[in-house]
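Before anything else, here is the set of structures, which you'll find just below.
Shared chain: chain A. Partners: chain B in the first complex, chain C in the second.
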Partner chain A sequence: MESDEVKLQRVPLSQRPEWSDVTPVPQDDGPSPVVPIAYKEEFVETMDYFRAVYLADERSARALRLTAEVIDLNAGNYTVWHFRRSILEALDADLNDELDFIENIARSNSKNYQIWHHRRWVAERLGTDSARKELEFTKNIFSIDAKHYHAWSHRQWVLLALGGWEDELGYCQQLLEEDIFNNSAWNQRFFVITKSPLLGGLEAMRESEVSYTVEAILTYPENESPWRYLRGLYKGDTQSWVNDPQVSSVCLKVLNATNNCMFALSTLLDLLCHGLQPSQEFNDAVDTLKPSGPDQPDSDLVKKVCSILEHIDPIRANYWKWRKSKLSSAT
Partner chain B sequence: MDCSAATPTVTQRDQWMVEHQVFQIYDLFASLPRNAKSAMLELQRDNHMEYLTKGLKRLDPSFSVLDANRPWICYWILHAIALLGEYVEPELEDNVIEFLSRCQDPNGGYAGGPGQMPHLATTYAAVNALITVGGERSLSSINREKLYTFLQRMKQPSGAFRMHDAGEIDVRACYTAISVASVLNILDNELVRNVGDYIVSCQTYEGGIAGEPGAEAHGGYTFCGFATMILINEVNRLDLAGLLNWVAFRQSRECGFQGRTNKLVDSCYSFWQGGVFALLQRVHSILDEELGNLHSGGDCTNDSQQTGMTSDISKGEEGSGGTLSQVDETCHSRLGGLNAHSPLNLNSIGYSFIKQPAEEEPLFHSLALQQYILLCAQVMEGGLRDKPGKPRDYYHTCYSLSGLSVCQYSESPDEDSPPLPSAVMGPYSNLLERIHPLFNVVVERYYEAHEFFATL
Partner chain C sequence: MGELAAEKHVQYILSVEKRKDDLISVAMEHLRMNGAYWGLTTLDLLGKLETVDVDEVVSWVMECQHESGGYGGNIGHDPHILYTLSAVQILALFDKLNVLDVEKVTNYIAQLQNQDGSFSGDIWGEVDTRFSYIALCCLSILHRLDKINVEKAVSYIVSCKNLDGGFGSTPGGESHAGQIFCCVGALAITGSLHHIDKDLLGWWLCERQVKSGGLNGRPEKLPDVCYSWWVLSSLIMIDRVHWINKEKLVKFILDCQDTENGGISDRPDDAVDVYHTYFGVAGV
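Take a look at the complex of A and B:
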């Protein structure tokens, strides 16, 4: 509210009685600066007064208000945020108000490191009581941008530092229902099943997660996210990945049922490289995909897979060729 | 099971909109006669120069939101000019040196502007800008001793770095710290200690690297983390096959790179992801070793850490240091963990890396990426942009051109082999200067700086 009023009818600092004792300090840009910014008058004046209180290390209520004005003009000024924290500490300010302040700033632009670093600092001091509010805060951000990188980092930090894991898997589920292609939500899901103290960890969660992921793959086989997630579910346990019939069977299903078989082939290639003994069904499925042409036929399945990938995924042709060239040492 | 009729999700809708715009451009291009085609592919050098030099001299009020990033603007502009093979007037160069000196903190490091706190990102930008300007006055304006104490102050017990006093900790901070220390010849074991642990903890199940442990694999952080691991000679600790697989899949149908899985194409990733490929071209022996372990039945991530490495990165500098014959042994003892007197010259890794010829062809589609940069990111009036429909800016100009350079030289294993015309999309006059992919400065300017700081 206050900052809106200031914006509407800003009284220059030089005309405000409370600042009459302060001599503004101009920026020392030198006689012929490069990348000089043609600041507006308001920007110059606010920064000049800020410099004065910063240099005097004045940790006062008016200095706190001034930092809000500077941040409103440029939320990327980390020095101001840093100084604001030292003022908040000195004044022993109510940090709940600070949350509202940040929310206001984030409304216009939430994509800078400073806002989030500051938010983390505040939440850390407010402690576990603030967990719910922080989770809600990031939720609001995700309702506008469900892949907001800073907000996801913040949310993970909140969960680890302050708790609030209870509904997290459900929240991931909800976001994925809204947009199954949202890789940030898949990443969060991985974070939850590996880090949540309420769940049993990766191995305990594997079976139900594999079912969920397989279903997602079968719905949209062209969606890379669940394919990567599926591989992730066997992190550090490659042997189980190779041996789990659910993994090879989802590949086979996709190969047989759809035209979007790039990720199925890519997964099959990785499985073969890690020692999967393919059934005849795989040979048959891959044979039907073989590009027609005078190319010399590849003798074994794994080479065939590389050739098909090279053909159907030309933007990665170099990569698939390279993968093929590395096979000789494998077999 | 068939959901093609379902309402598209936000990701699908956004993706289709961008694809539509991009393919419209490609369709138009395909319909043009030959001479119009080559005109469309031509790098508008004069217009880019005009746009860039203008920014050095004056920025309009909208740049106030970048008031804490002015060394970055210097670097984006100066590096882009250097990539074009051009120079700025000597007087303007003097002004750059003078201005950045005003951003240099008396206690070391560079701030986002005069009177602000020193910050690692702007320190990286300032150092790269000064290297790009080159010359003794420029290089000697960097207070290395103070900078070293600044880096020490940013170093955390975990091994990672903070961006500024009481600032955030992330992979960016690690890269900018290690990069400037390496190029200024002040990298030592103390700065390196445990950085590798932190970076390894940021490699995700997808294969790419995140900004912090647990976060999502991301192009910018993947470049930063990967380059850091090379600079500290611990790259074998990453799952390189997984990293390569992830980054290979980031080149999208639109021919450019996306920053994350299922995100939109953006020209700046031409460098962040394209640069990862340039780095990979020189660590293939390590990658092969990981694959060897894989094929002998192990889980490559774990095995490679135990078997150690025989990194070739630091070879090839015979005569300019003399300590490198012991590299292999050092690597093993480093991995053993307890060698206090490492004979490995950490500061020569960047130099040896670029002197060693690339071991492999590029594993991304160089011509496709060049097509995206020239047809979709280039603004004919000057400057480059994220994607069609976005305005140009200095950041995207810098990183699109950096990515374009990576593409053009991707098939030239060393400096003695200039790119063939077939490797350069459009007229051969599109050819940019070569960069050092670990630091992203033009390689000639890097050599000058390396020589300068090696003797200090």
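Take a look at the complex of A and C:
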């Protein structure tokens, strides 16, 4: 919203000479509005003048400036954004200026669908030349909120439509260094690996990515994202995932550390269900994790794993019970 | 365990309708159609829909319709698929679908479908799986799914499926509980749930439950009451809702109530709003 300085400077539209020929149009809420709203004076006046130019379909420079004032008061008003686009088209305006305008508004309104859609509309028209600026813009947003959903959506669109893949994997790396728990960055990493025209594709990247992911897991085994990413690297090829010694080995390492085992156990469970032949080391590691108390009736490794999961992740007890029950029906 | 302060929430919603000189109401003017849907549905869930003047609401809704058949967020606002669904839902709530020109509304929706099966929000072309769900939901209420290419609509949704079993807003987009609700809903409406790995997605969804009992929308994010709806109804649609700890979730939602003034917020001790009141009540 406006700073105090701007508030002091604002001249009511009714007192501005360039608007003297316009009759403002009041809000028509109908005879008895369902959700009646009383407004701040300045909002009322600005909207009344906007309504006048909107109804008259006046696509002029002053109308453009007026839409900026409305947007500044309420960036969520999608009708004003539409009209602004119509004016920009009619005036054949310099869209580079528009990027600056959006950047300003985005500072206080970034969680707003209208801004992002408008930005995309502008970038589309500017073409591949705007790729760098768009990547910069989203980077700025990520420096404040690295999981910003709209910004990630926009960034993916920019890469696909306008290019700029060169530094993307490096950027994901940087974000993950800042916060290894950033699921959006992991998602983007997968996006780059699979879609970048500059890399070799998923299978070619698999080995290096597995090494990277294993390191991430070992640093924070309670981090959900790299476990899922690891599985994702074997997209459509579960047997390779089961057979890759790096996968079973990282599970074993985490289990032996006995801390934050949840995802290691659930991964082990999945591996076993897909045919992994567990070594004695797995049996030993799991036995160490068994909750103390009366002997577990399960002698099967896979059943033991389910029981432990039920115990250490009680909020999802029903899920782990179900996993166990599926085992019984399979044998 | 606390209780749902139903009466307080009813008073809160009715007070929002009467609110004057409020900057929050001002900022929501363009999406009044959504706000009305959230408020009215909550009243209905709490058994208080009869306190509202049906004719007033219906006539206001119809004033928001455009020549194209689409509805705007309020009188004087451009049509958009978002408000078109809310309008149809409000009329359905009051059993007043007969006032609609069904052909007109469904034409509006149908012409928003793109070549690849996706849906745009309006003539300006924004694409998002939310709009796919909205289109299918709206046409389903009006029994006119035949107006669009359902097969392509489904294949677009499937193209947004991620390896964790979830769905994003566009192909490659991060799995997000809100988008998942839309995609699962779209597939449910079109009888296409077989495209979903229910066990995998079910696990991803039940992993949204954090220690406090609340649900988040993505890994490592904070819980929010609205995810009680997105996550829960997704789980219900794929028959896996028993994987969530219900007692802990209900406690979380109840803790988000303002038991003095009514209304529900996104998480305990934050400010309430109609949106979260609706989703909190629906979740409970």
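In this section, the second predicted complex is superposed on the first by the 317 of 331 C-alpha atoms of A that agree within 3 Å, B and C clash if a C-alpha of one lies under 4 Å from a C-alpha of the other, contacts with A are read in each partner's own complex, and residues count from 1 in each chain.
Assume a residue touches a chain if its C-beta (ideal position, glycine included) is under 8 Å from a C-beta of that chain, and two chains touch if they have at least 3 such contacts.
Keep in mind the model is a prediction, meaning the values are calculated, not measured.
*Asks:* After the overlay on chain A, what do you see for chain B versus chain C, clash or fit?
*Replies:* clash
*Asks:* Is A:220 touching anything from chain B or chain C once the two structures are fitted on A? First, second, both or neither.
*Replies:* The first partner, chain B, only.
*Asks:* Is A:319 contacted by the first partner chain B, the second partner chain C, both or neither?
*Replies:* both
*Asks:* Looking at A:238, would you say it contacts chain B, chain C, both, or neither? Reply first, second, both or neither.
*Replies:* first
*Asks:* Going by the touch definition up top, name the partner, chain B or chain C, that contacts more of chain A.
*Replies:* B
*Asks:* Could you say whether A:62 touches chain B, chain C, both of them, or neither, answering first, second, both or neither?
*Replies:* In the superposed model, A:62 contacts neither chain B nor chain C.
*Asks:* Contacts for A:79 in the overlay, against chain B (first) and chain C (second): which applies, first, second, both or neither?
*Replies:* Both partners, chain B and chain C.
*Asks:* Considering only the touch criterion stated at the top, classify A:273 as touching first (chain B), second (chain C), both, or neither.
*Replies:* first
*Asks:* Could you say whether A:146 touches chain B, chain C, both of them, or neither, answering first, second, both or neither?
*Replies:* first
*Asks:* Can you check which stretch of chain B gets into chain C in the overlay, out of 1-9, 19-27 or 91-99?
*Replies:* That would be 91-99, the one stretch with clashes.
*Asks:* Can you pull the chain A residues that chain B and chain C both touch?
*Replies:* On chain A, the overlap between the chain B and chain C contacts is residues 27-30, 32-40, 43, 51, 54, 74, 76-79, 82, 85, 113, 117, 120, 147, 149, 152-153, 156-157, 181-184, 187, 190-191, 195, 223-225, 228, 231-232, 235, 314-319, 322.
*Asks:* Quick check: in the complex, which residue numbers of chain A touch chain B?
*Replies:* The touching residues are 25, 27-30, 32-40, 43, 47, 51, 54, 73-79, 82, 85, 109, 113, 116-117, 120, 146-147, 149, 152-153, 156-157, 160, 178-184, 187, 190-191, 195, 218-220, 223-225, 228-229, 231-232, 235-239, 257, 273-275, 314-319, 322, 326, 329-330.
*Asks:* Once bound in the complex, which stretches of chain A touch chain C?
*Replies:* 27-30, 32-40, 43, 51, 54, 74, 76-79, 82, 85, 113, 117, 120-121, 147, 149, 152-153, 156-157, 181-184, 187-188, 190-191, 194-195, 223-225, 228, 231-232, 235, 314-319, 322
*Asks:* Can you name the residues of chain B that touch chain A in the complex?
*Replies:* Touch list, chain B to chain A: 1, 3, 9-12, 55-61, 63-70, 73-74, 77, 92, 95-96, 98-99, 102, 111-117, 119, 163-168, 204-207, 211-212, 214-218, 244, 246, 248-249, 251-253, 255, 260-263, 288, 291-292, 294-295, 297, 299, 301-302, 360-365, 368.
*Asks:* Can you list the residues on chain C that touch chain A in the complex?
*Replies:* My answer: residues 16-23, 25-32, 35-36, 39, 53, 56-57, 59-60, 63, 72-73, 75-78, 80, 121-122, 124-126, 162-164, 168-170, 172-176, 202-203, 206-207, 209, 211, 213, 218-221, 242-245, 248.
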